[in-house]
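Naming follows writing order (A, B, C and D), and every chain is counted from residue 1.
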């Protein structure tokens, strides 16, 4: 059975799961997305694209942007990055301040909000137009020049982002931000507001399945070992406090966002992205996680 | 032996302790105060004032202002205040975020920074000119119209107040601030910047020793039971994470500030204020604590 | 109005509060005590005894025994005790292990379970018959030679005391117990099982109101300053995580137990004990706390 | 270059790392192992065995036994196990009590001590001779009937295992142990005391690389998906608080023990075990981790 058939099977089997989650409600732009939306796309390293449902419909990628920010920061500063952010699972809610306090302002990993703020700060210190560069980087990786920030989402995030503001000021109090907290938050909220489709994200993540080489750009985005590093980080830290559950059920490194997207990677084989806005209690797409579980079960593919 | 003789004895015995502490250094206005400064004043409910050393020299009262803010907020909203801030010791460092996280944004008491921010927010919501009213209240209580904010201290606090900013945004994220975090911080930093002398503070605290009645203003500032309440809060929460040690050694309710001041109260008898800028590891004046210990030992006075 | 009249007023006013609490149920001996039991006794330093209700009925004193253990340990080892146990409020649930972990096995104060285990260990290391000595000490202080351990309570505590066992082994892992955990637990459970009446406890606590001198024994049990120290510890740490609330409402140093007893002290004046088995959410007697609040309100007496 | 050559290269390159770690000292049987011991064995699914150094020398497997206990418990109770133990990284020190307190006695995963105690309890409730069955299971998996408990290690662990005793009693206090804490500890310490060589462990772990089928026993030890599950748990939770670092550097699921052993798995390819007693600050073999990193770098093999 080829990937297209499998995707179609999943599309028909996923229906009962679509309404079981809860759409994120903290900003209106997320709250108003219909809970029954579902799309999925697979992009293989040998050049094929398979898709189903709303795979071409842009959604708010939210925390999935943390993978692109991290990639950019790693290419900018290399291993020096790890002096300012850790590489270990956080073991608590994804935006907890507790761990930060006990670890003196060094976030546990780049995929919790605190860590992404530090990564954003690293980028801000090194690029003239940080936001524009990240957006251009994402456009280039996905081969889609129409990708852009959603200014409404940025505005809403700022109005409701008190916890992120607390994180930024707290990290700043430990001396682990170089730029003003407000500027870091502005850039961070812009990255989160990027609107992309499943097809865009499957294309954009392909370098992680392909030793760092991106077919869309025909260039080596990261070294092969950096690509492995990012995959290992996604596996241990990519899905909030559900890393164990996700590895257990899906068996692929992946990164989720509260917009309902999850992008995952099977090294040497493919990148896959699924989208469905209803979230499970961990903050990951409920139907999206189920769809990925079905995909790895049906294909028999897993890194384990 | 009368209080004046005792104060003079203390002044001579305190010398070896003056250099043992560490002056607060996080803002230049505190860092540059000579560590050997020492003053002490006792104001009795029957109208006498005793003082020694630099008792007339203004210093930055810092957290001692939390007592005045609390008093003002209690008169404004009564017991409703306790739905937004607790009355229990914090059991951790004075500006810890951990407890806040586990208690959903309700600070443990009004004398930790988080609690004072909520108290400040309460005042801000009810008074047109919140800062001015607090300053006028302090002027009135101490009978000294020259008391004012120190704008340099305000500016410095803002530049270094990332941890307080984190606290304010964090509390806001739980919905426990009504006003913008920036405005609450501005008012809070102003209150902390008030410059007063030992004599000013001994006068200003007298209502707490006197069933809520202030001789300087000739009016009932609080009810008698509110005065008791504030005293009990000072005893359990007034000296950061040293409440037990302070109660054990001094035996009086008191409130300290990182500027090196400590104001304390013996109900029915007197208010006392001591100032010496060197701090012990808890953040309380080292020589000030010692001086108060000597005072209660020499007079045989203690609430216990 | 004299104390006897006040006690009788309280007895009639307390009825609606008796059924509002919850009787401790973790061991059958506590669970089967009728929730409507109520007794209260006041013993003055000038030799008078006032009592009302079931003031002569023995109940399980539980954590109130921590005051006697502490007193005994202070007389045995003096200030050396404070190297093994702190003097600060705990700021969390009374038997929490968290704080112990962050403070390397030094319990925050002698009135949380962890602290009482260390105090018990200190006694065990210095006395041949530790349990017997504590019992004899309590008999002597209260002038009642019939006071004894309740072997059924001891047996039940051991069968349900997994959390205390965890505490003991945890402290032992930090090297802060000298004796085997099992022996410390056995002695501790014995102390908690002592059965005493309100009249017994009011008599036994009188030295704390009287500068350390016990009229029943006609001897100086502690130094005056040790008595003050114990009072200050009761005020900041004597009623679990309700120190602020209790100081605020009652205004006296006191120590409670899950058996529903509370013993409190007004320095220079009296010791008071109240008993009613229904507990409030903090684990303190609900009607007992209310009765003490009524007592200090009606008499106008408070340390504040 | 074949695996044997690679192992020999590693053996020569590893020398400078052997003395950099610290041998575990909490029991004499671990403390007295010479820090320069090093052995490594690779067992492939197609039947080949490669080894170097002290690969045939038995050492104390300690926490590596948690993989065998978990496997046995999964075969005994299936998915019901996950109601009593979680599957998420712990994010704190490997034997922390804090997380347990906040999660009501449900350990975060089966590879922290708390989780292994619950797993041991599950086995104890279902097998007449729990210890003997675990030992026989390990003998069978490794094809070595000489493997046995080390009674000296058991005795020492009991004498120093106060923290584990605290954990067991604490879990018991939440009702998550069915058997007496002492019996669970006894079985747990026995499992940890098993003495095995690198060759034994490489053989014993082969089912995890082989879809659950063990060549030594010629039977399906677990289902293919259970084998994947165990691998995913090792990746996210197998090396204490260094999961991210280990995944980043080594890129294989693995389980370490304080005896200096690490067993790891490359699905579909091989199981590998390395032993060197010097530990890094995370509690994992320092030279062992380095040797595995060299192995995956030289072979270009990684699950990422």
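Points worth noting:
As a working rule, contacts are C-beta pairs under 8 Å (C-beta built on N, C-alpha and C of every residue); 3 or more make two chains touch, one makes a residue touch a chain.
Note that the structure is a prediction, hence the values are computed from the model and not measured.
Listed by label, the chains touching subunit B and subunit C alike form an empty list. With centres set at the average Cα position, the gap from subunit A to subunit D is 32 Å. Spacing of subunit A relative to subunit B, judged by their CA centroids, is 47 angstrom. Averaged C-alpha coordinates put the centre of subunit A at 55 Å from the centre of subunit C. Contacts with at least two other chains are made by no residue of subunit A. Inter-chain contacts occur between A-B, A-D, B-C, C-D. Within the complex, the subunit C residues that touch subunit D are 96-98, 101, 162-163, 165-170, 172-173, 181. Remark: subunit B residues 86-92, 99, 108-109, 227-229, 231-233, 235-237, 241-245, 247-248, 251, 253, 267, 302-304 touch subunit C in the complex.
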